[in-house]
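As structure tokens, here come the structures.
Across the two complexes that follow, chain A remains constant while its partner is chain B and subsequently chain C.
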Partner chain A sequence: MLSYLLLSGVTTGALYALVALGIVVVNKATGVINFAHGELFMFSGFIAWSLHVQMGVAYPLALPLAVAAGFALGALTDRIAFRPLIKADVISLVLATVGIAFVLRGVARIVWGGKGDYLSFPPITSPEPIMIGQIMVIPQQLAVLGGAILVMLLFAAFFRLTRAGKMMQATADNSKAATLVGIQTARIYTLSFGTGAAIAAAAAVLMAPLTLLYPDMGFAFFIKGFAAAVLGGLTSLPGAVLGGLSIGIIEALAGGYIHSSFIEVSAFIVIMFVLVVRPTGLLGFSRLRRV
Partner chain B sequence: MNLFGRRNVLLALFALAAIAPHFVNTYHLFVCNLILVYVLLSIGLNILVGYAGQLAFANAAMFGIGAYGTGLLQVHFGLPFWLAFPLGAVIATSVGLAISLPALRVSGLYLALSSLAFAQFTQWVFLHWEKVTFGAGGFKTPTVSFAPLPVSKPIGLYYLTLILAAVLFLLAQNLVRSRIGRAFVAVRDGEVAAESLGIDLLRYKALAFGLSGFYAGIAGGIYSAMLNFVSPEGYDLFQMVLQKAMVVVGGLGSVAGSVLGAGAIVALLEALREVKGIQEIAFGAILVVFILFMPGGLVGFLKRKVPGWEEPLHRKGAGSAPAPAAAPAPAAGEARP
Partner chain C sequence: MLDIRHLKVAYGITEVLRDVSFQVPAGSIVALLGGNGSGKTTMLNTLTGLVRPVSGSITFEGAECAGLPPHGFVRRGICQVPQGREVWPSMSVNDNLELGAATRRDWAGIRSDLDEVYAMFPKLTVHRRRQAGSLSGGEQQMVAIGRALMARPRCLLMDEPSAGLAPAIVGDMVDTILALNRRGLTILLVEQNIGVAAAVAEYAHILQGGEIAFSGPAAGLIDNPAVLRSYLGR
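The block that comes next holds the complex of A and B.
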């Protein structure tokens, strides 16, 4: 029981970690939270479904295509809701991304919602569980876990080793200084929104074979990814991964030992608790408030 | 006094609303009543978001708490509506006050998200505390009777809402021009500066949250009586976006704007009744378009074009009022708690 719960917790946790990673990438660079992040996740999942199920594109090809679509949608979000409002206040920024979230949700409901509200994605591995030692494992979970780790490694390599990744780091660190050394920060913001959404898209495509797709799923994943990001400190990339895994495990244990309805609510309780008790999260650092 | 100034237009709207029941059918009366309910909601939300600058997403939850409070007190304890209704508003007010406590520790984005988490938590309680809230199916509330008065329920309820909306509109209008309203605006434009002027952040934030909870609670009680039915999905995220759209369309930081925004959005909502997806696209797009191209809302437009709509303490960049010092740019780290 415990080992099974832990494994499923780690699997969903890895997905939350990816969603959280996207939130943190955007927040590090721009200082805002993209409230449409969950909807970008959902929308990319549906795009992958259309490519794979409706058009018959092979899964290994559907995944990068959906990730590319996610990147484009993220960059579009930046152009519509962030770049024009860069001098506006936080309220306007947040409400604009909320508006985008609802547009995406409505489009998804019209395009994909009429086909039975829940779309299933065919599994990419055999659905038969296998035994590893004493633990019963569904191969799909291992595929998800492996995929999530791969995405994280790819992102880490991009962020640390490439020129674009280093420019993102510089902008996150100090956007004025980055401008001074010739980095076009507005482009980096677009890149960050795009990268964040691309990671979310990868998470959605990995997750799709494990569960069902439905237009309202985005918000649930956004809130959980955000809980993970907050737990990790909101500006820390390793913190996002750690937070995601923790939320996944907390959920699985709460669902297994208390009641299944607690799966939905544990993330909210974690958010409220962390924000009140330790707003800097596990790996965040406190910063003095500027006056 | 200008002929088309704010006071004349609002008085005309009020007079129109007062005689409306004699001319419209049952459905239109329901829509008019709905507009009044949303006027209450958006005034409350505007005090919190537009004046006090607290970006909270819990208003739909407090609306729900008002509705559930009023309904459940009648169903479980057999209280009459006239007692359950004010008690429901009191419960919503106290919840509003309670969630202002975390608001003191967190601000900006963190407040938005923690209140969003709170709203989802409330939804979860409505759905899963089945012994008390009757779960996802909702429950029926007793029909309100206006016994000694010779009016039917829809008309009686309509006038009750109209009177409450008018009184609470005037209250809000006077409040935001008072010392309290100026304190709200000072908190919005700079918390540290406000504190250094001797404004007690705790008191004024709690007051703003409590007020918005009160308005939402009143609206919720009336809404439950209008429908004779309470269920969780009426108080979800979509509800929240509707209310945010009203405040933005009307004009952040304008009580009169809340009235216009509520009217415009409810009319559009009823016109788009058929398809949920279209509604979501429409309201999402309206939110984005107004924020990008008309940040002052309808009121901002009126203020530029029509004399007699000037309002002190309006949000910056929206017409006649000189812009206060620019709010800090949303740079990284600015929203730290």
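The block that comes next holds the complex of A and C.
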């Protein structure tokens, strides 16, 4: 029982970690929480569904295509809701992302909403559980976990090793200095929104075969990812991964040992607990914002 | 080389610079002095494209630069070493330096320039993998200068390079500025420390209330009590 709960907790936790990673990437660079992040996740999942189920594109190809679409949607979010408002206060910026969220949800309802309440994504592995030693494992879970780890490694390599990734780090660290060496920070913001959404898209496509898709799913995943990001400190990338895994495991254990209704509540409890006990999160640090 | 004529800069209706003109000849070190609120910082921000002038011209090597975005100034060859270093504290020294070449794509040239910066500041070679934020003030200043050099500028704008440094290191800073100049870099030095300015610059301009109030050889400044008292409040 415990090992099963832990494995499923780690699997969903890895997905939350990806959602949290996207939130943190955008927040680090721009100082804004993208409230459309959950909808970008949902929308990319549906794009993958259309590609895979409706058009018959193979799953390994549908995944990168949906990730590319996610990147484009994220970059579009920047152009519509961030760049024109860059001199506005944070509240306006956040509200603009909320607006984008509602538009995406509305479009998703029109396009994919009329086909039954939930759309199912065919499993990419055999749905039969297998036994590894004493542990019952659903192959799909392993595929999700492996995929999530691969996405994290790819992102870490991009962020730490490529010039574009380093420019993102520099802009997050000190945007004035970035401007002075000739980095075009407006482009870096676009890149950050795009990258954040691309990671969310990868999470959506990995998750899709495990659950069902519905147009209102975005907010639930956003809250889980946000809780994970808060737990990790909101600006720490390793913190986001740690936070995501923690929330996944807490949910699974709370659902298994207390009551299944605790699955949905536990993320909120974590947010409240972190904000009260350690507002800077596990790996966060209080940052003096220089203006 | 750098020719500023009738420059006027305003934030809203507040005029910060009115009709400022001065030249920085090729190969020279020129000092721009002034107290707080004199318009020094605005002058530098205009020369790096952070602020657009209302009117007037900034010509660099004969080409008009007023109104260019910041990366435009860097590409033309004007680069700033900002006040307070402004290194990227959580990134390595090496990454800090490499990103100084953000506007360049000549990878071989970037690599040889990086070697040259390490040769110039051997101390940085030892710390190349360390986070820039963990270095001392003097070492961070080396990172900031090295980072600006990586853009391969022909004119370097230095904003109070001596500010916040231990007095013992200020002498090293003076040597560094002179060494950069000997390599052919034209330098506009913005300073509050008249001692530093007098030690390196040939010529000095004093900004007061958004206008050039005094221009003359830098060496004479320190012996000119009237200038010091009336324009710098000492």
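Rule of thumb we're sticking to: the second predicted complex is superposed on the first by the 287 of 291 C-alpha atoms of A that agree within 3 Å, B and C clash if a C-alpha of one lies under 4 Å from a C-alpha of the other, contacts with A are read in each partner's own complex, and residues count from 1 in each chain.
In the analysis below, contacts are C-beta pairs under 8 Å (C-beta built on N, C-alpha and C of every residue); 3 or more make two chains touch, one makes a residue touch a chain.
From a predicted model like this one, the values you see are computed outputs, not experimental measurements.
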Following the overlay on chain A, give me a clash-or-fit verdict for chain B and chain C.
-> fit
Should A:63 be classified as contacting the first partner (chain B), the second (chain C), both, or neither?
-> neither
Chain A-centred angle between chain C and chain B, computed on Cα centres after superposition, in steps of 10 ° = 90
Classify the contacts of A:240 with the two partner chains as first (chain B alone), second (chain C alone), both, or neither.
-> neither
Return first, second, both or neither, reflecting whether A:101 touches chain B, chain C, both chains, or no partner chain.
-> first
Tell me which partner A:181 touches in the superposition: chain B (first), chain C (second), both or neither.
-> second
Which of the two, chain B or chain C, is in touch with more residues of chain A?
-> B
Just chain B (first), just chain C (second), both, or neither: which does A:226 touch?
-> first
Applying the touch criterion given at the start, work out whether A:168 contacts chain B, chain C, both or neither, answering first, second, both or neither.
-> neither
Taking the superposition as given, tell me the minimum C-alpha spacing from chain B to chain C, whole angstrom.
-> 12
Contacting residues of chain A [partner chain B, same complex] | 27-33, 35, 80-81, 84-96, 98-110, 113, 172, 175, 215, 219, 223, 226-227, 230, 261, 264-265, 267-269, 271-272, 275-276, 279, 286-287, 289-291
Within the complex, which stretch of chain A touches chain C?
-> 163, 166-167, 169-170, 173-174, 176-184
Residue ranges of chain B in contact with chain A within the complex | 49, 53, 55, 102, 105-106, 108-110, 112-114, 116-118, 120-121, 124, 128, 192, 237-238, 241, 244, 248, 252, 275-288, 291-292, 295, 326-337
Per the touch rule above, chain C residues touching chain A in the complex are 48, 50, 69-71, 73-75, 79-80, 82, 86-91, 95, 98-100, 102-103, 147-148, 150-151
